[in-house]
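Naming follows writing order (A, B and C), and every chain is counted from residue 1.
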């Protein structure tokens, strides 16, 4: 059909252009970005401070709370960054700019990829900010070395992409800025019901079972491993598989919901 | 070669509401086609279907030879769209928006740069090109919107209420630009408007839409002459109104008029006016005001729908 | 309130989610040496804090409404009517108090349903409801002062994270005794820590006049400061208006 007549190279340029537009807006309207940097910084400070003693319990396998909480704050921050593409789309849908893009010969995938690209690039900022605060002010360790940093960034980007696709689906369906509030509730609930703040060994009751089967649990473990010890394939594999499945699932969800814009 | 726009029984419903009811349209190569109707008549819905932004629920349409439903991306390549309430990102500059639009239409970076400069020049925004759109006036935004819709040299240009909300000077400037485009490049233009004057000034052919249906179609001249005789409007003192109405009804076909005023279609020029005034005088009716109007598009609209269009002639 | 579920639903949802998650995640924390209440569940430990958190998040509502009234100049109409000036303030403060009362009661009932325990029974429950409603009014009075000063809903809403910071850097979710270094030090100085600790004495050890009066005293001082500031800002606004 006609979609195939759209050149692949030009669609890649479309993706890049949409990503760039998001980043440019962010630069010009810093209030879009500041909360998503401040919030994770506060999280790492507050969680490491309030819960400094919990690492004495079994399962934390570190003697400093910051080593546990830094990854949690990074992933919270990148989940929050995932709202970026959805927020931009909701604004565009409300003021009609989205029609301009839809009236152009671009594929939905190029458009969605561009928006995800924006969210993902955003996630680098809070991740870096949390890492700086953790190491400079809170004396964090990274026994996993360079690989530890790489895997932390990789996971942060992965979570931002998954959340971005999930939020886009909701925004495509509801078409309002208000829908972001709903997306946030679901997003943060999913994050909280995991090993974000405490290891599985420390969790009791219903949450133990929820956290155990929550794919985010594996993803957080993957991103956190460098703070606790060496980076290993055994600790990476479940997270990597979960992240891949989450990406496929949220990608299909976003693509399916896009049809609802096209009424 | 098919016509740039053809619609057959094109229909769109939203639940029980029939926004566009089985319209048929043919727009020919190189013409400016005016789509005239009041707010909520179905203009925007029709344009959104023709520009692939909304799927028809019935009937079909082709634009630039491609079906709007099944060949949407081919249509999108061939058309330029300037939508109502110019949807422009206030945080971006005119130049950035043009570049983005160029990329969206698959124009290479190098070609895009030249094209954008040329278009800014064309709509008189070269100096403002690197300023944020948020600082633009209403007229500048519309001109930028027009430039945006031209980036990829479209075969068919859709302008949805391009001058709504503009001051008279900006409006005339935009009309001039559309005329030049149509004359110099031969772009086919599909223009929706709620302004009679705009349709009259720009369009070579007009369709009037009301309640989702096309109620008249043709050249402005033809539509006007079809309405028939000029309109005679007479104001009388209130107490005489009913008698005056009876008298005048006998002399010509009654037409819609504002309260306290009587309007009839009247052939025969000034001599006929004298006859009307004489008849009124015979009944001792005091006449306060008399005017004779050649038919306008407003009369065409009134004739077709029984109502006057907002902003139409004083009736 | 009934007409705007989106205004209060999150203030119920988030405290409950946090309580549920923390109770399950840190259930073993009560076994830590130095934990002040080794014999209670972690849910019982954080219960007063979760109620206070829910109520404080809600306390922005009354001030947001006020800022909204100023924004759409309903306030001007009110001021030009023969309504007494002080009744404007009293109405806002009592609305914050009643809001806290309702919110606290709902939260406590839900916590009971999930197995929380109050050792002092009804007197402890009443004390908890009173203290949290009183605190809601006290914090509300500061927010009202800011609403009067700025007349902007956006500004009032943006104070939400600051409340969050105050709650977090206190003994709300973890005992101060177990916090390290400067962070623990700040938490110790946070008046919210004193209020929460004394409230906790009431909910865990049973009702005590000593703890109740101490907590009430701190809240009274906060309220006094807030109300004085509000009156000052109201007078300022009236002076500008006339």
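Basically, a residue touches a chain if its C-beta (ideal position, glycine included) is under 8 Å from a C-beta of that chain, and two chains touch if they have at least 3 such contacts.
As the structure is a prediction and not an experimental result, all values here were calculated from the model.
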Of all chains shown, smallest offset between own Cα centre and global Cα centre goes to A
From the centre of chain C, which other chain's Cα mean sits the farthest off? B
From the mean C-alpha coordinate of chain A to that of chain B, what's the distance rounded to whole Å? 48
Chain B and chain C: spacing of chain centres that average the CA atoms, whole Å: 59
Centre-to-centre distance between chain C and chain A (centres being mean Cα positions), rounded to whole Å: 31
Sites on chain B at which at least two other chains make contact: none
Set of chain C residues in contact with two or more other chains: none
The answer for chain A against chain C in the complex is residues 35, 38-39, 42, 45-46, 48-54, 56-58, 178, 181, 185, 189, 192-193, 197-198, 202-208
Please name which positions on chain B make contact with chain A in the complex. 51-55, 66, 70-74, 76-77, 79, 81, 83, 85, 87-89, 91-92, 96, 99-101, 103-106, 109, 132, 148
Would you mind writing out the residues of chain C in touch with chain A in their complex? 6, 10, 13, 17-18, 20-21, 23-29, 31-32, 34, 161, 165, 168-169, 173-174, 178-180, 183-184, 187
Mind listing the chain A positions that touch chain B in their complex? 1-3, 5-7, 10, 13-14, 17, 21, 24-25, 28-29, 92, 95-107, 262-263
